[in-house]
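Note sheet for the following structure.
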Amino acid sequence: MGLEVRDLCVERGGVPVLMGVSFDLPPGKALILRGPNGAGKTTLLRTLAGLQPALSGAVTGGEDLIAYASHSDGLKAMLTVSENLAFWADVFGQRDVTTALHAFSLEPLRDRLAGTLSAGQKRRLGLARMLVTGRPVWMLDEPTVSLDKDAVRQFATVVAGHLASGGSALIATHIDLGLEAEVLDISPLRAQPDARAGASDEAFL
Amino acid sequence: MSLWEYANPVRFLALSSRVLPVFWGLAALCLVSGLIWGFFFTPNADKFESTVKIIYLHVPSAMMAINVWVMMLVASLIWLVRRHHVSALAAKAAAPVGVVMTLIALFTGAIWGQPMWGTWWAWDPRLTSFLILFLFYLGYIALWEAIEDPDTAADLTSVLCLVGSVFAVLSRYAVNFWNQGLHQGASLSLDKEENVADVYYFPLLVCIAGFVFLFLALVLYRTGTEIRLRRTRALQAREVRA
Amino acid sequence: MKALLIRDLTLAFRAGGGFGLGLAFFLIVTVLVPFGVGPHSALLSQIAPGILWLGALLACLLSLDRLLALDWEDGTLDLLATSPLPLEAALSVKALAHWLTTGLPLVLAAPVLGILLALPAPGFFWLVVSLALGTPALSVIGTFGAALTVGVKRGGLLMSLLVLPLYVPTLIFGAEAARRGATGMDPATPLLMLAGITAGTIAIMPFASAAALRVNLR
Amino acid sequence: MPDLGKYADAVLSAYGVSSLLLLLLVVFTLRKGRAARAALEAVEKRKNPSG
């Protein structure tokens, strides 16, 4: 079981970006994606989350199990913190939001409108959303942006708890979360400019 | 060697550079001879007097206005199903030709309507349908222009073309229901009785052939242009990554 | 699905949600018409059904650019697309929310504005019926336009250009039904056509909208 | 020149407007085509300086 990625090739704007991406993400494990800006971390995560098709390769064990968190949190400024969470909980067929509120110490803010939160608080709320999805495979794109030290530690604790309960996480980040996790550096997987991988633009080369 | 081989952009360019001169030549030949024949050597009609000569522009352009859209619909479907770039780019290349054909049909219709019906414009079902078709063309072109990523643009415009076709047909029926018009019946039909007299019929056929060849030449050439622009873009994208 | 509907309705009613803007626009357009064409009730009562239909259509159009653009900007659409909710269902629900916050108030306000335009007495009933039957189609078609242009910056004008031609059949049958009702003719045929268009668009357009949105999310 | 009678204006303007529109279409098509060719050649030259 777990997520298996074999020889995946992803494209962006008709050009292959990464080739030959292979890794396993068994339950209880975390994998950290590293690579310079523009290397294709976001593209890889979006492909794995099913937002865009891969050029080739296979992803197994991820169907309806992936919860994805992009750069933006999908929060509505005119809904309160608990309303925002309750909405996403309901969409994913869950009920309980108190655990998620507690995990990111959002209880004192629960009745504040999300629009009045600071950037860090918003981010915490966005990450708390992962807890109400009830899905085992987390995919997080730069989750620690605008978090302070305490919040980063809090986040690491939440991820550790998620792993301990049999979940897994794929995290694109530059900072050290203090998690026991394998690291996948994607910079060597970067597609060559003249690579032929079936990307849309190649018909014109 | 199947027809789909020409869906490869490079092969398409090679083929089109060979047949383009032929199409340009046929277009010029048919248009010039048909229009001269029609303009100088056909008699005035009883009811229409000399305005009957407008038929050589009005009927072919009106036919093309619709046929170009149908061609775009087919090309869009091919792109959505088989994802051949040439198909999507051909649809993009055809749209402005369709706009000009629709404009000519509308203009010549208005100029013809003035002496015949005593008005430049009437909300006759056919005129109205063409006006709506014109709006569909404009929307389609505007969507192509607005979206940067070419594949996204191709997908979205194809979906728009499909949906637009359904609504264009619906509009046609709606407009018919809304106002029964002044327009005479079809000028060309398989039913001989309804047809225009032979003396107008043959030059008209030549003019229609001319419009068809002109359309083919324009679309082939414009598709080639789109392919070159796409290739330039693709090469530049690789340059940036190199 | 219920959660999405409730959320969209809540957002519409909260500050900045834009509820009532469409209604106000409808009111203003109707009030401006007599200034444009003159105050003679004979003329006004003749054009009232058409003006009211056109005003309702424009008011619907006006509120469409908020339908998906806000959810696009804050990333909600990305997250919704990866949720268990099918995109087709999500877009149908959003179209329903749009109708409830824009179309339905227009239907209810139309008779009041009918008085301003000297709508003949038998016309009120048919105006409301035709608007009630037709405005859902406006919302569903509009959702398609919004899905097509969601990735375009300042796509509001482009969306109008795309959506307005698609509104033609609905407008023709809707206004025709209202006009026939107002002049004492039998409005059954256009009403049936209108109902057919609405049913057809509700059944089919969500798939086209979802296809367009998926392309934009790539 | 054929006798166009009282509708000469209508017929001539129909022909005039139509030819003008077609001519403009062809001219713009050719101009855009030339520009695209030139742009592509520039990029290809950069890619393979030898030819």
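For the reader, a short list of remarks on this structure follows.
Letters A, B, C and D name the chains as they come in the text, with residue numbers starting at 1 for each one.
Just so it is clear, a residue touches a chain if its C-beta (ideal position, glycine included) is under 8 Å from a C-beta of that chain, and two chains touch if they have at least 3 such contacts.
Per UniProt, the chains are A = Heme ABC exporter ATP-binding protein CcmA; B = Heme exporter protein C; C = Heme exporter protein B; D = Heme exporter protein D.
From a predicted model like this one, the values you see are computed outputs, not experimental measurements.
Legend note: the chain whose CA centroid lies nearest the centroid of all displayed protein CA atoms is C. The mean-CA centres of subunit A and subunit D (Heme exporter protein D) are about 52 angstrom from one another, to the nearest whole unit. Rounded to whole angstrom units, the spacing between the C-alpha centres of subunit B (Heme exporter protein C) and subunit C (Heme exporter protein B) is 32. For this pair, subunit C (Heme exporter protein B) with subunit D (Heme exporter protein D), the centres built from the Cα atoms lie 42 Å apart.
Inter-chain spacing, taken between the CA centroids of subunit A and subunit C (Heme exporter protein B), is 37 Å.
Taken residue by residue, subunit B (Heme exporter protein C) touches two or more other chains at 231, 235, 239, whereas all remaining positions touch fewer. Contacting chain pairs in the structure are A-B, A-C, B-C, B-D.
Of all residues in subunit B (Heme exporter protein C), those touching subunit D (Heme exporter protein D) in their complex are 35, 39-41, 44, 49-51, 53-54, 57-58, 61, 96-97, 100, 103-104, 107-108, 111-112, 114-115, 214, 218, 221-222, 224-226, 228-229, 231-232, 235-236, 239. Taken together, the subunit B (Heme exporter protein C) residues at the contact with subunit C (Heme exporter protein B) in this complex read 132, 135-136, 138-139, 142-143, 146-147, 152, 155-156, 159-160, 162-164, 167, 170-171, 173-175, 177-178.
The touching residues of subunit A, when paired with subunit C (Heme exporter protein B) in their complex, are 49-53, 64, 66-76, 78-79, 83, 86-88, 90-93, 129, 133. Listing the residues of subunit C (Heme exporter protein B) that touch subunit A in their complex gives 2-4, 7, 10-11, 14-17, 71, 73-76, 78-85, 217-218.
Residues 8-9, 85, 149-151, 227, 230-231, 233-235, 237-239, 241-242 of subunit B (Heme exporter protein C) are the ones touching subunit A in the complex.
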